Each structure stands twice: as structure tokens, then as C-alpha cells.
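Shared chain: subunit A. Partners: subunit B in the first complex, subunit C in the second.
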Partner chain A sequence: MKQLTISVCLASTLAAAPLMAADANNPEAQPADYRAQWHSDILTGYQNLEARSQTLAAQAETYCKTPSSEGFEQTQRAWRDAFLAWQRVRFVNFGPVKRGNLDWQFQFWPDSKNLVARKAKFLLKGNTAITPETITESGVAVQGFPMAEYLLYDQDFNKSDKALPAEHACQLLIRVTDHIANNGETVANAWGDFQKNYVENDQYTDLTIRAAMAGIELLEERRLAQPMGLRGTGKRSVYSADAWRSGASLIAADATIQGLQQQFMPAFSRLLKDHEQADLARRIAEQLDEAHAKFPELDRPMGPLLTNDEEFRAMQSLYVHVSQANVLLSDQAAAALGIVRGFNSTDGD
Partner chain B sequence: MKTLFRPAPLALIIAAALSASCANAALSDSTAAQSATKASVVEHYADLAHAGYEDALITARALDKATDRLIANPTEANMKAAKEAWLAARVPYQQTEAFRFGNAIVDDWEGQLNAWPLDEGLIDYVEADDYQYELGNAGATANIIDSKNINIGGETLDVQNLTPELLAGLNEIGGSEANVATGYHAVEFLLWGQDLHGFELGNGDRPVSDYATGADCTNGHCDRRGDYMDAVTDLLVSDLKWMVAQWAPGASDNYRSQLMNADAGEGVQKMLFGMGTLSLGELAGQRMKVALEANSYEDEHDCFSDNTHNSHYYNGLGIQNVYTGNYRRINGDLVSGPSLSDLVEQSNPELNARLSSQLSASMKALSALKAMAESSQNPMPFDMMIAPGNAKGASIVNRAIMALVEQTGSIEQATRQLGLETLSPDEAGDSF
Partner chain C sequence: MPELTRRRLMKAALAGSAAITFSGCSVLPGRANPHGPQHYTGAIGLPDGRFAVGAVAPDGSLLWQSPVSTRCHSGCNRPKTAEVVFFERRPGWAFYVLNSKTGVRLHRIEAAEGEHFVGHGIFSPDGRFLYAPANRYEPGEGIVAVYDSQRSYQRVNTFELNGIGAHQIILHPDGQTLIVGLGGILTHPDYGRIKLNLDTMEPALVLMDRHSGQILGRFRPSRHQLSTRHVDVAPDGSIYAAYQYQGPAHHLPPLVARYRNGHYEEIDLGVSVHQELGNYIASIVAHPENDLVAIASPVGGTALIFNSRTGEVAEKASIEDCAGVEALAGGDFMVSSGRGKLIRMGKGRPAIEIATLPVSWDHHLV
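Moving on, here comes the complex of A and B:
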């Protein structure tokens, strides 16, 4: 069992936290109401992921049956749609998506040692048939969007004689996209079944807010600042970004911002307002809107933007809004709501 | 510098406070538990760190001598002795990693000693077909030993004289964290060489003739390889000397004096932050879970020597040491004194009993991992445990991960119990 989520008991130490009780100023608002809305908004996100993943799997199969350059491009588009659907719910880091490490299966990242390419080469080396079991047994670097992205976008690979639509590559693409589609279905169903548990347990308010905080901090620090050379060694490198092969790093950032806008903010704004933090709610929403407003103009591969200072500035402006939203959410809102930060899995280096 | 980074994409979020089924409070009769104060606990913590770094220094000096002998006289026996000295040096050093997070002075310094994973092609020859380096790392195949000048990202560097200073300056060259020219893992690579066995049994098998002179020299540039080894082990010793001095008692201008002059609560926070961060994010997450879930021996900590199980085991022990206030020195002496355990016992004996037993459970799980790796009958080192389809190996690794995750929940609780935040002490707006 690859299961890291630990069972969470109703923590007595958290019982006194302000989020646990109905707000004195607004006795009508019950914390469960926020969670009911979150549950439903996130469910929409997972259902979208499920649908897009199924389209991707079906498209991969169609393309491999009758390969054409048009079909190849359609498959690339289907990959992108499904990947962006994942980016919208990527911030949810608790609940069903942790069972069996589905989140790592959808996207193993960062991959600084280029494990995805290494695993692909290994799987495509011989002529052994690639079965669903091959995917299940091959680890998270094989099981998700980055592997499908490698097959569809990697420039070196696409020049080789093993490239799509070669039989073996097709087999791998079909199995991987099937695996993604199955996981999409699993997580959407499990999130639906999770409703009662989620809505009835107060601790999930805190966990949901902490998830959004972690999601936006990941976006700021690792998905933007790191490749932009604004942290770490200071080197600009597109390889530190996610989805650099497909040039979707920035549009994926936008998808995460939209996910927060659509699946997190509605209930959260209400919660903040009920805690007399309407202004803070407005300011967070504003920063997310500003960040999203950079698109579709910024829907471009990140690589070239890193080498041109003029263009880099456009990206910097996106970064500034994301980092403002992060400060407002992770520092100000967390402090106002008494949310205590704990140790996290990416602590360390 | 490696910046501390908090929140959680991989989310092993801990919300744990297991209120039910808790162990009964341990009977504490020790007067230490009653008399420990935050100040005395922090002072003893500095003693633990000092003893740990002293042991790391002693064993690094032995390693330096052993590698000197190997360079002067490259025999199988001297190679074996040098490898044994390296393994012995890891025992105290890995325990000191519990001091790393929380004390910026350690975290900013340690990259030169223990950075990983490294793109070893920066240092010496590698098998081209089986060498996966960090994407975009212009230095990944520079091969310093084979070159008088190296060119990294358009910048040409003179590497003719392999001095400790030169090597220190080459770390992270070209802006890549995988360019690790120094430290334990550089020495490890120079002793063992690349592990080309993948998930199969076996570690790196560098021939001792890589250090031979004249026509016996294999793989070229044996003299430069020896120079490199000499410089890198000298640097390790001088780096450790510096850190020992930072924790030494009786000085007025070192890190210890700063720590002792600051608010004792800050010191206690550093202790707990160091324990929790090493336990969850670093050891359970980066060093175990990533390698396991991706079946990636590239993410193995001591990948050349296959000593990863010991690195993990002594990390775990280091965490336990900080909590219990006990440290068994390499000469067998026991350092003990006022501890975090004593402090928690004063206000919440039940929590102290639980965390103490969770720390023991982690050590038990890590012992099982170590025993399996070192089994004389059928050894299964870490890189075999993480192989695809190895259910038995995965379960051993997972048990250790779970135990570390659980103890981190209690470390968090202990932090709150003592009236502190789990934030990084350096980011909590404190003065120092």
C-alpha cells in the first residue's frame, strides 16, 4: 500500500481554533456550509479532469489506429486540455487524491534527473508488450501527464525511429492515457463519496485553506520563481518549470490560478466576509484576477521568455501578482483566521 | 544557498493529533525532568551538536589519512581501508543533520559537505550510456580530473591546480545545484565510482588502479584523481573544524554564544523545527518517498556506496538524540543532559510518552531497513528495495516513512505544547 496520508483524528488541540465554531458575528453561517460549497466546487473540478482524461485516452486510441499528423495534433490538444484540468484541482492535497498517491501519479514533478525520459527509453528499448500492469508497476514517473507529454512533445524523441506512431510508443501512450483516465474516474468518484465525511468534519476547513496556501506557494516559488532564477542558485532554466516540453508551463500556471478562483475562492471569500475580513477577500480575489488577466497573452512557452529581458518582464508581472496573492493568503488571511502552519513534505531542500 | 521552503505540494500534511488510544503517561522519576528549563535544554543541545561535530571531525581526519595512504600506495587493502573510513565518517555526520534545519549557519554551510544528488560527470569519467544528469546542467560532463580548463555555460575556468579553495568555488558552478564538487558524496564517488548495477545487487566498483602511477593507471589522469581526492578530503576536515568551533563552549563570538544569548524559546523552536523538517520533508519525503514512488535509484542518497540505509538510520537517530538529549559518541561515551523530553514531560506526560515511543518505533523501522540491507544471507540494499514490483522492499521503506510521518505529528504538537510555532525560526520574524 503506497499510502502516506495518515489518519486524521479529530484533534482536540484544534478544537479551540476560531474556524471550528460558528462565527459570533454571523450565527447563521455554519462552517459546514463553506465545506459543502468547497466540496461541490472541487467535485466540478474533478469531474472535468475525469471527462478530459477520458477524451485524451479515446483520442490516443483513435490516433494510433489511424495515424495522421492532424490526429497527432488533436492528441496533443487533448493532452493539454486534460493536463490543464489537472492543474485546476492540483492544489487539493488531501482526501481521495492522496490514496495510492494519485497526485504523484497524475504528475511526478519536479523531475530534475529526467527520470521520465529515462523510464520511457527503458520501456521502449525491447519489444516486450506494454500492458496495464507494466504501467502500474513502473512507478509514478511513468503513470501520468509527464510521460504522455514526453511521447507527444519531446523533440529528440520525436526525431527518433521509436517516435509515435511506432507501435511500441503507441502502446505506451494508450496505456498511460488509460491509466490517467482510470485515475481521473477514481478520484472523481471517491471525492463524491467523500462528501459526508468532508462536510461533517471541522478539520477539513483548516486543511482546505492550508491546501490552497500550499498550492499558491508552490506556484510562486517552484513553478515560477525557480525557473525564472528568482530563487535558489539564481539561474534561469526552463527545465525547472513543469510542462516545459509542451511549452505549457505558463498556461498551466493560469489553470492553477483559475482553479483557485473557481474552486477555492467562492467559499473562502464567504468565510472571510463572515469573519469581518471582506477587504482581505476582495484583495486576494483582485490579485488572482490580475494574474489571470495576463492570459491569453502569456500563453507561450516559457523558454524563449527567459532569454529575452523585454519578454521576461511580462512574466515578472504575473509573478508579482501571484506572490501578492500568496502573501495575502498565507500570511494575512492565515493570521486573521488563526490557521497554524505545520511541517510539510517539501520542507528541507 | 538552499532556502527553506515550507508548504506542501506533495502534502504529507500532518493534522495528526491522535487523541484516542494514547499511551499512558510514563512514570518519570528523574529529577532532570523536573529541573530542566528551556535554557538548560538549549545549552545541552549545543553540547550535543558540539560532540556530534567533533566526532564528525575525528572520523573525517581518519578518512583524510586513509585516503592519503591510498593515494601514496594504491593497494586493495588501502582502498578497502579508505572505504571503511568513509563509512565510519558517515555515522556521526548523518546524526548531525538534525542540527541542520533551524540553524541557518548549518544549513548554509552543509551544501559543501553533503549536497546530493550530484552530477558526478563534473568530477571524473562516467559511463556515457548510463549517466543521467540534471537537465540543462552545462557542467554535468565537464570532467575536472580530465581537464586543465573547463567550460561551463560559456565561462572558462582554470582547474589546473586542484586545491581545496578551487573545489569549494566550483560548487553549484553554472547555477546548477547538481554540480557538487566537494563533500562526502564527492569522496564517495572517488572511492566507489558509478553504481552501474541499477536495481541489481552491487555498488560502484572503481578499480584501485584508478590511483596507480605510470602505465598501471586506469581510466587516465590518476595523478589528478589523487590530487582531487587529497584536496577534497582536506576541505572536508577544515569545514568540520570550522563547525566544531561554532558550537564550542567558552567562546564569546561563535554561534553557540549567539544561541545562548538569544531567547531560550527560540532555541527550543530551532530544536523542534530541525527534528520535524528532517523527519518529514527531508528524510521521509525527499530521501525515501521520492525514490520509492518513482522507483528511482537516481534519487538514492548514498548511491555510489549503497550505504543509503545507514544514512537514513543515523538521520533518524539524530532526531531521537535531540529529543532525548542523549548521544552515544564514537568512543562509546554517552553525552546526556536536560532534554526536550524533560520539558514536554513537565506539562504533558502523555505527549512525552507518545512521542518517545514514536521515536523508538521509527528507529525500529529504520533498524529493520538497515538489517535487511546488511543481511549476510540475502542482502537487499535500498536501491533494491525501491525496485519496481519489490513489494517486500517497498513495505520496509513504507513502514519507515509512516513511522517518521507519525512522529512528526507529535513533534508539531510538542511545539505547540511548549507555546511555540512550527514555523522556520529564521522566518518567524525573530531577531537572529
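Moving on, here comes the complex of A and C:
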């Protein structure tokens, strides 16, 4: 491939070490080695999602058979465990999770038109039985964690006569959590089967790093900066966050950070070190550690933190570390590895 | 605009001067098409996160910049007038009619109830009718909406494409046939840009009579997930279609097709080239003066020129975030990028950076 002729004054791109080139510090390391580790680490994450989703589905059924306030709380806890398991692998935006839009099925968000509530009201309006087919045919706003969250946490809904453990609401909860569990099993199995293609094809190195970049950018921009009023209108609003109904917005952010730490960073740190970027690897890990260290103190609903300047500062500190990690990963590490996320390359048009 | 992009743009703006910096030559080459304006107009993202439509004059200066409320995608020049039309990016709720010499906004035309534009349009040869692909989003039907520029862009007709996901539209040299890339992907504004039908896509290259709306031809790619988005036509009537593959990244199917003399065939540029293109093509342009066709992929950061007769790759260059392609007088091409760069490519010569502006060029220059 011919190189561009670029004048010296414009040659601003960093000297990048292409991902497919031999590694400077470890000439024996093969790109497939990193992918083998990523595959294994992400598989662990998907298997955890599968297990937690099955627990949620079983708990929903148990609760609806013999409803109790204790059973309701247990179901809420099961929802939260499964939802956080999803947050840990949410950054993976390629491969089997794209088949049938499984990622969107797990979590339809942002939901600017409040489709989840609208769909729930529609489904609970009549007495028509809610079958697995109902869920399959009702679209992504019905098929995942936000719908189960609505049934378990929405304050207005829970005051209504349609609230759990009403028969129809229970039917919807059981069908939705079954759907989540089936999808959890599907994606875990499919990711396992994906191993050969993933490990043997170089383009998945680039895609995996881009996925982590997109995941941390989403966390910084949409899940934190937006509700904190740091973007757009400047108005703080918990409704811009995900999982606001359950108050799990911040602990979900922590789960995403942990997912990056456990399922992305081990292989990525090794890759960076092999490309003479050990210091960068250390600094990214440090920022993720600092962000994670804000928990469990910050395991609280985001809403009250947005209205109290004193408390808001704790969230700002989390945001700063996430933002720093994003800059180090998406700007510095990506540039050093020759990865570009651009105006058009993420556009899809 | 994502903060990452904004931050990068700010850095680019700070690192360079606000003026164009040249390397290689001091003026932009002329267009291959001598009938249209000699400047280039494109949708742009600005360093502060706002959006505009902007034009670069032949002397390399920014001729004008017209602010728009949301990101635009592509547009078209109105023949025999000083008007240029630009469409909001999908889902586009409006198009803008601008004075192509000054950038002054003349009209902002909103999409009809229940419809949105998809970023492209083309005029009839006399400049009267504007044909704009659109999505009737509740039923998910692709249409071509027809507007009469002589009646303040009133909507005057609607043609059914009998398919989903219309994207680029161009006019055949016969002046009568519309050529439409039908991407096949179902979306709905309630669900953002989620692709709702990846398993059941039916993309196609569609030929349509521009007077009656009658469909004259429909050609399907070899795989149902080869989203047929972008199209171009050579003066001899050969039609080119460029795909964006929606399947797994390790599949490396053909990404370009040609329709000529009644035959629709895909051009295999080779697995390694398909890999470099990231299974994605943002623009395709057939040069009117020779047998060369240029494509650009921002996903792969690769632009290349191939021989339309043989399918042989004639030139290839790594260009970060490249997307737009224009044919230049003399047989070369110009490629624009999200990094504000304009780069000249031609057969048998290295790619040359002509200019850089502190803006992000969106996919297409017109």
C-alpha cells in the first residue's frame, strides 16, 4: 500500500505500531495470543450473565407462585445481580451479541420516548395471555432488563392495581426474565462457538479495542456526563441515566468498569506492554482502579446526588477518573496502536 | 457529537492553523463535471460540536459555512441555478436549500408526517424536480419523495420502492432513470439507529422511471446482509453499487457490484482488500473520463481506485476516516475525510494531501 505524501508540518499522527506488526518487546507474541485471552475472559463474563439470568428467571417464577414482600425483594436483588453481570460484558459490541440484536434485547437504552413504560402499559391493558411469542414479537423495549426493572421498581406502576404480584404483571415478568435467560444462554454458547473465528482473524483485535473504547465513551458521555448536566442543556437529570428506576445507574457504571478491568484489560495490558507502552497500560489500569475505588460508597441512587452539591462532588470524582481512562484509552493508546475512531467511521451511513 | 470526536477536532484545530495548509499544490483541481459549480460543498462537523454545510472554493479557501441544527449527510446541486440542497443525516427531518455561492439559506423543508429523509437526493436534469429517498417509518417502507423546486419545494409526488432502507439516489445519463441504493435495513426513529431486521434484509439496486415511478429493474446482492447503500453511474450507463456488510467481520464478501449490458455482477477485489475496507464502503464514484472507479471506507481507513473493466486495484491509500469521493478533471479523484483532509488520488501516482481544514467532512462532497 502506498503511503500518503504528507507535508512535515501536517504530519501530526503519532508513530503508530500497527496491530498486525511484530511486537517490539516480545517478538514471539502473536496477536492471536491476545485474542485467545480476550475470548476466554469475555466467555467468563457471558457465562456469569447466563447464570445470573437463569437465577433471575427462576426467582421471578418462585415469587409469582408464592408472593411475599421478602420474595419481591429477592427478585429485585436477582434482577440487580443479572443486570450488573450484563454491564460487565456490555462493552462487547460485535460477534454473537449482534445476532438478532441481542445487545439491544438485553438493554434497550436510551429510551427517550419512554417506550418501556408505554409498552408495559399496552401489554398489561387487556387480559390477553402473555406468551413467549408475545415477548419475541414485541420488540427490544420489551425483551430485556429495562422491562423487568419497570415491573420491579417503577414507583407509579407499583402503586397501581396492576402491580406485581397481579397475575398479568407476573406473567409479563416471568416471560421477560425467561427471555433474558434464554438470550444469556444463547450468547454464552455462541461466544464459545465463536472462538476459532475470533482467535484466527486479525480484525477482531481492532474490533475488541474499539469496543472497549466505545464502551468507556458511552459510560463517560451518555451514562455520566449527560445526567450530570455536563453536556447538552447543562441541566442535571437522572432520567438521562440508565437504570434510574432501580437506582442502579452508578453501581451499573461500576460493573462496566469492573468488566473492562476483568474482561478487557488483562490482554490489552499485555498487548500495550509488548508494543512498548507499559506506562500507558499502567496509567489506564490506575484510572480504572481509582474509579472502582469510589464504590461501594457511591452505590446509591443517582437522583439525590444530582440535587445535592456536596454529594455531587463524589460523583464528579468518579466522572474524572472515567474521563481520564477514556482519554488514555481512546486517544493515547488507540493512537499508539494506529486505531482510529472518527467522525465517519462510527457513523454507519 | 460524541465528545471523543469533539475533543479530537479541538486538538486538530489547536494543532493546526485555522487556514488551509497545503502540501503538494496550492489550488484544488477542477471537477470532472464542467457543468456544475467548481467549488465543493459538504456537510461538516465543527470543532465546538456544532454542525454546518460548508463549501471550499477552487482557490482552497473556505468559501462559506452555513450553520444547520443537526448533522447533515449529503446533498446535490440544482442544475442551472445557484442552489445546493443538503439533507439531514438519517433520520433526517428536513433538507436545506442554500445559495451555492454564498451559503445563504433559502428554504428549510421538513419531511412529511410519518416520513424521514435518509441523507441523499438528486434533481431532474432541468433542475425542477428534487427526488429524495425517504423512509415511511411506521410501516417501514422506502419511497422516493418528489418536490417541485419551482413551487417552493412543494411535495408533488411519491414513488414506492417496494423495499426498505432507501439510501443514495442518482440519475442515469439517459436523464429518465433514477438509480437507488436500497440498503434493506429497517429502522424506526423510536429505536434510534438500531437495525431491526438484520436476519430478513432484502437489499437491492433499484432502477426507477423518474416520471411514472415504475420500477424498471431490481438487482439483489449475493448475500442478504450486503446492504446496498451507495451508487454511481458512468457516462456509458454502467452502474456501480457499493455495499456495507452487516454480517460477521471475518466474512469478507465482495463489496462492489456493476450492472452493465443487462448483467449484474459483483467485483471481487480480493479478501485482503475487503479486510482493509472493513466490509464497509461509504462512497463510490465512477470517473467520467476513464475506466477507473474510486471507493472510500472510513471503517477501514482505506481509499482505493480500481479498474472497472478488470477489477484490478490500481491505487490504494491509508486515509484516516476517509469517506467522500469526487472525480477531478484530468482523471484523478479527490477524497475527503472526517479529519478535514482533502486528498488527491490518481492511477500511478502517490496520494497527495491537498488541504486540511479544522472541520470534519461528512460522507459526501457535491
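In the analysis below, the second predicted complex is superposed on the first by the 322 of 349 C-alpha atoms of A that agree within 3 Å, B and C clash if a C-alpha of one lies under 4 Å from a C-alpha of the other, contacts with A are read in each partner's own complex, and residues count from 1 in each chain.
The rule is short, and it goes like this: a residue touches a chain if its C-beta (ideal position, glycine included) is under 8 Å from a C-beta of that chain, and two chains touch if they have at least 3 such contacts.
The structure displayed is predicted, hence computed values, not measured ones.
Within the superposed three-chain model, A:D309 lies out of touch with both subunit B and subunit C [touch as defined at top].
Of the two partner chains placed around the shared chain by superposition, neither subunit B nor subunit C is touched by A:D161. When the two complexes are overlaid on their common chain A, residue A:N114 makes contact with subunit B while staying clear of subunit C. In the superposition on chain A, A:G342 makes contact with both subunit B and subunit C. In the superposition on chain A, A:E220 makes contact with subunit C only, while subunit B stays out of contact range.
In the superposition on chain A, contact of A:E70 is made with neither subunit B nor subunit C.
By the touch criterion stated above, A:N197 is placed in contact with subunit C alone, subunit B being left untouched. Contacts of A:N93 after superposition on the shared chain: subunit B is touched, whereas subunit C is not.
Within the superposed three-chain model, A:E137 lies in touch with subunit B and out of touch with subunit C [touch as defined at top]. Contacts of subunit A with subunit B, set against its contacts with subunit C after fitting on chain A, overlap at residues 1-2, 4-7, 9-10, 12-13, 94, 98, 101, 104, 108, 113, 115, 139-141, 203, 207, 213, 217, 221, 231, 330, 340-349.
Within the complex formed with subunit B, the subunit A residues making contact are 1-2, 4-14, 90, 93-94, 98, 101, 103-104, 108, 112-115, 118, 137-141, 203, 206-207, 210-211, 213-215, 217-218, 221-222, 229, 231-235, 237-239, 330, 340-349. Considering their complex, residues 2-5, 7-9, 12, 15-16, 21-24, 45, 73, 89-90, 119, 167, 190-196, 198-199, 229, 244, 248-250, 275-276, 278, 282, 298-299, 301-302, 315-323, 337-339, 343, 350-353, 356, 360-363 of subunit C touch subunit A. Residue ranges of subunit B in contact with subunit A, taken from their complex: 2-20, 101, 117, 132-136, 172, 174-178, 276-282, 284-286, 289, 292-296, 298-299, 388-389, 394, 398, 401-402, 405-406, 408-409, 411-413, 416, 421-423. Looking at the complex, you find that subunit A touches subunit C at residues 1-7, 9-10, 12-13, 94-95, 98-101, 104, 108, 110, 113, 115, 139-141, 197, 200-204, 207, 213, 217, 220-221, 225, 231, 326-327, 330-331, 340-349.
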